Amino acid sequence: MSPLNLLAAAVDRIKVPSRDEALAARYAAVRRYTRELAAPLSSEDAAAQSMADASPAKWHLAHTSWFFETFVLKPYRTDYREFHPRFEYLFNSYYRGIGELHPRDQRGLLTRPSVHEVMAYRAHVDKAVLEVLLRDALPPAAVDLLELGLHHEQQHQELLLTDIKHLFSMNPLLPEYRPQPLMAAEAPPLRWRLYSGGIAGIGHAGRGFAFDNEGPRHEALLQPYALASRVVTNGEYAEFIREGGYRDPRLWLSEGWAMVQARRWQHPLYWNHALDAEFTLHGLHAIDPQRPVCHISFFEADAYARWAGARLPTEFEWEHAAGEARIFGQFADQADAELHPRIFTELSSEPMYGSVWCWTASPYLAYPGYRPAAGAVGEYNGKFMSNQWVLRGGSCASSRSHLRPTYRNFFPADARWQFSGLRLAKELHHGT
Amino acid sequence: MSPLNLLAAAVDRIKVPSRDEALAARYAAVRRYTRELAAPLSSEDAAAQSMADASPAKWHLAHTSWFFETFVLKPYRTDYREFHPRFEYLFNSYYRGIGELHPRDQRGLLTRPSVHEVMAYRAHVDKAVLEVLLRDALPPAAVDLLELGLHHEQQHQELLLTDIKHLFSMNPLLPEYRPQPLMAAEAPPLRWRLYSGGIAGIGHAGRGFAFDNEGPRHEALLQPYALASRVVTNGEYAEFIREGGYRDPRLWLSEGWAMVQARRWQHPLYWNHALDAEFTLHGLHAIDPQRPVCHISFFEADAYARWAGARLPTEFEWEHAAGEARIFGQFADQADAELHPRIFTELSSEPMYGSVWCWTASPYLAYPGYRPAAGAVGEYNGKFMSNQWVLRGGSCASSRSHLRPTYRNFFPADARWQFSGLRLAKELHHGT
Amino acid sequence: MSPLNLLAAAVDRIKVPSRDEALAARYAAVRRYTRELAAPLSSEDAAAQSMADASPAKWHLAHTSWFFETFVLKPYRTDYREFHPRFEYLFNSYYRGIGELHPRDQRGLLTRPSVHEVMAYRAHVDKAVLEVLLRDALPPAAVDLLELGLHHEQQHQELLLTDIKHLFSMNPLLPEYRPQPLMAAEAPPLRWRLYSGGIAGIGHAGRGFAFDNEGPRHEALLQPYALASRVVTNGEYAEFIREGGYRDPRLWLSEGWAMVQARRWQHPLYWNHALDAEFTLHGLHAIDPQRPVCHISFFEADAYARWAGARLPTEFEWEHAAGEARIFGQFADQADAELHPRIFTELSSEPMYGSVWCWTASPYLAYPGYRPAAGAVGEYNGKFMSNQWVLRGGSCASSRSHLRPTYRNFFPADARWQFSGLRLAKELHHGT
Amino acid sequence: MSPLNLLAAAVDRIKVPSRDEALAARYAAVRRYTRELAAPLSSEDAAAQSMADASPAKWHLAHTSWFFETFVLKPYRTDYREFHPRFEYLFNSYYRGIGELHPRDQRGLLTRPSVHEVMAYRAHVDKAVLEVLLRDALPPAAVDLLELGLHHEQQHQELLLTDIKHLFSMNPLLPEYRPQPLMAAEAPPLRWRLYSGGIAGIGHAGRGFAFDNEGPRHEALLQPYALASRVVTNGEYAEFIREGGYRDPRLWLSEGWAMVQARRWQHPLYWNHALDAEFTLHGLHAIDPQRPVCHISFFEADAYARWAGARLPTEFEWEHAAGEARIFGQFADQADAELHPRIFTELSSEPMYGSVWCWTASPYLAYPGYRPAAGAVGEYNGKFMSNQWVLRGGSCASSRSHLRPTYRNFFPADARWQFSGLRLAKELHHGT
C-alpha cells in the first residue's frame, strides 16, 4: 500500500482533523495531483527538455520533492536519511544558498535517474513528510515551509503542463496530451467596468498563506480607470493581425519590434501560418474566435492594446478591481477541465480569474518594505525583480486553490509559452 | 564669417531680444558647444564606433543636425533644400515613422561623409534655422520642436563624451581627451535626510520645456523614507569589493549575477585589475577614495545597496527630495569643469544634482495618462518603456541648463559606460 | 515469433545458401546486433540528444530502418506499405534529394514515436526486406543498396556507442553503459617501420563492397617514410600535457590554438581535471598509461605529433603500410570486447586496425575521377568533402566485418567524441 | 627631403648597383607603392575596419613597417631605437613567438596613432633600413628577411585594396576608390587545353625568392586532365544563377549549402539584387558579362563547376599547366591598371595569371618534407594549414613582380572579399 493510500485510509478513520491532519490531507491531495498530471506521459515524454526555459516533467516531479527534502526534512527531521546523495545537486533549481547546482539547460540530459526512481524518490519524501506531520512533530516554521512547498508544487503543476505543451508542439507528430473534444463557447460582448480610483489597499494582509512578494500590504493611489469585463478573444486578435499589427513598428515598444523582426513573430505562439488552427494540449484544433487569445508575449499584449486604443491595466488596478469578488472561472482542477482557455461565464457574471493569465503594465518589483524570507528560501521570489512583468488572475492550467486576489505571477516580456493573454484597461478622465 | 558668428554680431546689435531672438541665441550657444566638445578629436577619433551602444562623434554631430532638418526645416520651411539626399537615411537614429534607417552597429563604417562634410552640413542647417528664426517665421509647433531639438542636442553632447571615453578606453595607448590634473576633493560624512512621505506631486507641470515622458504631472503616494546626503564614494565601493561583493550571489538580482559571471565583472567599468587606477577623460588616474563611484550598472548599484543594508531610492522619492531645491553641483558647462565626477559641496550645502547620474529603483514607465507626441517625434521617448531603469540628477558630463527636478534619464540595467553611480535610500518605519 | 527468429529457423533448414540467403543471414545478424547494442538503454537513455553532433539511440534505430525503407523497399518492392507517413520526414538524416527533413539539433525532442514504436518499425522493415530477399526478388541494383544499408547500419552502430558515451558523460551520476572491469594491458615499445615509398596503388579495386569514396583505385606517389608500430599511449600523451603542450601556441595550428583558448581544452575529452581518471562506457576508470590515448581532436593529434618531433601519416601512407596485412585488432564484435581502447598485440604481431581511429594528415577529398552514386544516395559521402580529415583503421567500437584497408572515416578537425587517437609518422631522408 | 627621395637621388648617382643597392632600390619602390595605394584615402577611410577578416589601411601601413622593425632592425641593427614602445604590441598580426598581440577585431578602434604618426613610423623604419642596407651591413639571414618583408608588403598591398573595397561597399554612399571608366572587353571562347599527366615537378626549386610553403620541390603524379583556356565569366555565372544554382542543394557541398542558407547568398559578393550592377573600386558599374566572375567563395566556385559538368583543378594541375610560361596578364602595377578584373588577351595568347585568383580543388597543406623557418617568422605560413584552400595565379590587385608559378595563396572556403574566381578543369579519360 502506497504511503498516500495509507494516509487516505488513516484520514478516513479520523473525525475532527487536527491542524496537521488537515495539512497532511492537503499535502496528499496536492502530491497526488502532480502524479496524475504526469500520468499521460511516457518516460520519454517525461525526460525531454524543449528549451532552456522549460523543464522535463521528470525534473518537476523530482524538484518539488527536493523542495520538501531540502527545506523541511533535512532541517527539521533529524532522523531523515536522504534518498540519494547527488539529488541535492541535481534537483536544485536556483537556490545558490544551498550550493552548486546542475546547469538549467542540461536538465533534458538527465536520463538517469529514471522516472521510476524519481517516483520512488517522491514516495520516500511523502512517507517522511506524512510521518512527521501525523505525529505533530513539526515546529511552526517548518509548517510554514511545508505550506510554501505545496504552493510551490502547484506552480510546478502549471509549468509541467506548459512545458509539455511546448515539447509536444515541437514534435511533427503533434501528440495530444489528453485527447478531448473542445466545447463550443460564446464570448459575451466586451463592456467597460468603471472604477473611481483613490487610495487602495494593495497586497496580502497576513491572514492565510501568501508568497513573500505579495506583501507587505500597503496603500497605493489609483487614478480613475476602466477595465474590460472579459479578456481579449482570438477573433479580436485576428483582426489586429489582419490590419497589419505585426507589420507596423509604431504599435510596438522598441524592444518588442526588435523581437518581431528577429524571431519573425506573426501570430500567437501555437497558431499555424494559415491562422486557422492552433496546437493545444488536446491536439490541433481550429482557432475559435470566441475563445481568449493566448500564448502571447507582453510585447504583443502591449501592441494589441495600443492598436485597440487602450492599454494594459496595472497590477494594482487589477487587484483593486478583483477586490473581494468570489474566485471563480476556468481552472485545471475542475471536473472535465479543458486545458485550453475559453471564455467562462456563470449566469450573467464574468470572472476575473482563470482561463488566461493577464499581462499587466506593471514590472515585477518589491512592494514598499519588502523583505525576503531568511535563508536560502529567500531566493524564492526576490531575486527575479528585474526585467519581468506581472501577470494576474491564473489560467486554465492553474488550480483554483492556488489563487488569491493578491497573487503575482511574473515572466520576462518575451515569454510566450505560458497561458498568457490580456484584459484591456483605459484611463477615465473627469467627465468621461 | 560663419552663420554662428553672424548671429553673434546680430545679437550684439539688438536691445531687447524677441522670443525668437532669445531662442536663436540659445540655439547658437548649444550648437557651438557641441562643436567645442568635438574640437579635441582627430577625424579618426570622430569616426570610430567602439560598440553598438555607442556612436561616433561624427555621427552625433550629424544626427543632431538631422533632427532640426527633419522635424523643423523640412516640415516648416518650404524653401528648404536638403543638404544631401542620403543623409535622411544615414543619420536617422531610430525614427521608423521617417523611413528606413542605417543599421546602428555600422555607424563606424561611415568614413564618408567626412568630418568636414558633416561640419558643412551643420553650417547649412544652422544657416537655415537662424534665418527662419530671425525673421520670426516659425509657427509655435515648430518652435516647440526647435526647443526639443536643443535639449536633444544636449543629450547627445553627453553621449559624445561617454562614447569617446569608451572608445579611448579600448585603445592601449590610453589617449587623453583633455589633459588636465584632477583636484583633490574630500567627501563629507554620509548623513541621512528624513522624509515623511504622503501624497506628492510628481512630474512636470507644464511651465517651460520638458520631455513628454516627464508628464503628466500627477500624485503619488510615498511611504516615509530616508535619503543619503551624498552619493556613494570609491572608497565605500572598494570596501564592498574587498568584502567579496562580486563573489556572493546572495547580494545580487538573479539576472545581475548572471552578468557578473558571463562578463567577469569584478569592479567598475574603467578600473584596472589592481583596483588602484581608473581611466578618465583626463587620462589614467589613481582611484581617489573620496570621489563618487561611477560607471557601474544598475545591478552593481542594487547589489551595493543590499550589501550596505539599504536600497536604491525610487524616482519619486528622489524627485520629492529634490523638490524646489536650487540646481547646483558639478556640470560639464562650468568653467574649468573636470569631466570626472567629484563630490561637490558648497559651504555646508550638498547638491542633489551633477557628478553622477543616480540609478533609481524605478523601471522606466509611462506616467498615468501619458501620451507621446503626435507623428514620428512621438518615438522619442515612449517606445523605450521596457527593461530600462530611471536615473536621476545629471552628471559631470551634463549641462546645467539641461536639467530639471522632473528630468528622467533611462538606460538598460547592464549599461556601464554612462557616468552612473548611486545614492542610498532606506525605509523609515514609524517610530524610527 | 519475431521475423528475425523466423529467419533463423528458415536458415537452419536450408543446405547451401543462395546469394540472397547469405545476404539475408547477414542482414539478420547486423540488424540483431544493433538491437543488442541498444539493449542496456532505458527508453529515456535512448531518446536523449546531448549535442547537435550526436543523435539519440532511438533515432539511430529508426534512421537505419528508414535507409532500407527509402532506398530498397519503396523503389524496389511495389507492394510495400510504409510504416508511418511522417517517418520519411522524421528519420531522414541529410538526403535533400528525398525531401524536407527534421532539424538535426531537435532529434532529442522526438519523444514520440516511442522506442517501442521504433522497434515495431524495425520489425516491419525487417519483415519486408527478408520476404523480398528470400523470394530472390531484388534486382542487382537493389542488392547493392541493401549491402550499402548494412554497412551504413554498422557505421551507426559505432555512432550509437559514441553518442551514448557522450550523453552519459554529461550526467553527474556517470552511468555505466556496461559495467565491466578493464583488463591490465602493457604497451610494447614504439618501433619505427620503414617504407621506401614510390608509386602505390590506392583505393578500392572493385572486388566486394566499398563505399563510393574509396574509389576509383589510382596510383599515388609516396616519399620514403617511417610509421610507428603502435598508436600513442595515455602515458606518452600525459607527458605532452605535463610539458605544457596545451599552453604553447607554437605547437598548434592557428585554428587549433583558437579552439584551445575558446573551449579551454587542457586534456582529452573524457579525462578529469586531476588527469587521473577518465569516463568510459564501463564507468569511471583510472587512466591507464599503457592504453592508447583517445577522444582527441585532429588539432590535438597534430600538436602532439609536432611536439614529438614527428607528424601524422597521410592516409595514403597508412593504406600503403596496411597493405594486404590481415585485419586483426580490438573490435566491438569480439567476445568479451572492452568498449575502451587498449593496445592489442598478438604474439609478436602488432595490428594496424582497431582500438582507436587514427587521425591522418589528409583532408577528406575525392579521389581522381570520383563520381558519387546516382540519385539521392549519392549524397552519402561526396558532399562532405570540405573541412574534414580522414581517419583510418577502425576502433574498439567498430565491427571487424565493417573494415577494409581502403576504408576512409572522416570528421571535422575539432571532433573529439569519436574513439580517435593517433599513430606517428616521419619523413625518411636518403641515408637515414 | 624624405628618406625615399634621398635614396632615389643616391641611386641616381651610382653606376653598377651592388646586391644591397639593388635591394635598396626595390625596397624603396615597394614601400613607395604602398603609400601610393593609400593616397586616395582620407584619414577616416584609413582607420576603419569593416569586418574581423579585414584590416584598416592604416594598420596595413603600420604592420608592414612593424615587420621590418621586428625581424630585421631589432635583431640585426644593434643601434636601432624603436619608434614607439607599444607598437610591437599594436601592430603584431599573429606572431605569438613575439609576444602578446592586440585583438584582431579591434583594429578599427585604434584611432591613435594617427595616419600621420604611422607615416612617420614608416619613414623612421625606411631610414633605418636604407642606412643599414647602403652601408652593406646586413648578414645574409637579414637580407633574406628583408626580401621576405618586401613580399609580405606586396601581400598587404593587395589586402589594402580588398579591405578598402569591402569597407566602401558597406557605405550607402558607395565611394569610389579611384574614379575611372571601365574599358569594354571581349572574352574569347572557352577552349580546353589537354595535359597528359604523369610525374610532374611541383614546388619551388630554390633559385630566387619563394615563401617557405612553396617548397620543398617534389614530384607529384598527375592523371591526364584538361584545363580551360580562360576563367569563367560573369555571363556564364549569371546563367548558373538563372538556372537555379543557388536553390539546388545537390550542386553544393553540405557545408556550402549551409552557408547559402544561413547567409542568404544569391549572387557574388558585390552584385546587387537585380543582378545588373556590381560595386567596384571604380564605383558602381553595370555587370559586364564578358568580364571574369569575381568575389565568389570556394563553395560557389565548386558548385558552379559541378553545374557546368566540370571540376576545379588541383593546384598541381594548375602549376603544371603554368609551367615555364611567361607571366603576363592583368596586374595592379601596370600603367592605367583597372582594379576590376577583365579577360586579358595578348594577340592570340591567353594568360594563366592575373585578373582573378583561381580557387583550386586543393586544401592548403604542407608539401612533403616541409619545414617552417626557425623562430617567430616560422609562423608566417605553416600554422594556417587547416580548413583553407589554395588559390593560384594572382589577380588584378596583385603586383606582377610578386608572382611565381609556384605561388600559393590560401583562404577559408567561405571567403569572398578577395578577387577570387575560377578556371574549370576536367578529367581526361583514356581515349578521350
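So that you can tell them apart, the chains are marked A, B, C and D in the order they are listed, and the count of residues begins at 1 in each.
Throughout what follows, a contact is a pair of C-beta atoms (placed from the backbone, for glycine too) under 8 Å apart; a residue touches a chain by one contact, two chains touch by 3 or more.
Note that the structure is predicted; figures quoted are calculated from it, not measured.
Of all chains, the one whose CA centroid is most distant from that of chain C is B. Measuring from the averaged C-alpha position of chain B to that of chain D gives a distance of 47 Å.
Once the centre of each chain is set as its mean CA position, chain A and chain B turn out to be 40 Å apart.
Chain B and chain C have centres, each the mean of its CA atoms, that are 61 Å apart.
Counting partner chains per residue, chain C has no residue touching two or more of them. Of all possible chain pairings, those that touch are A-B, A-C, B-D, C-D. The touching residues of chain B, counted against chain D in their complex, run 42-48, 50, 58, 86, 89-90, 102, 106, 108-115, 167, 170-173, 175. On chain D, the positions that touch chain C within their shared complex are 94, 96-97, 199, 218-221, 223, 249-250, 252-257, 298-299, 361, 363, 365-366, 368-369, 379, 383-387, 413, 427, 429.
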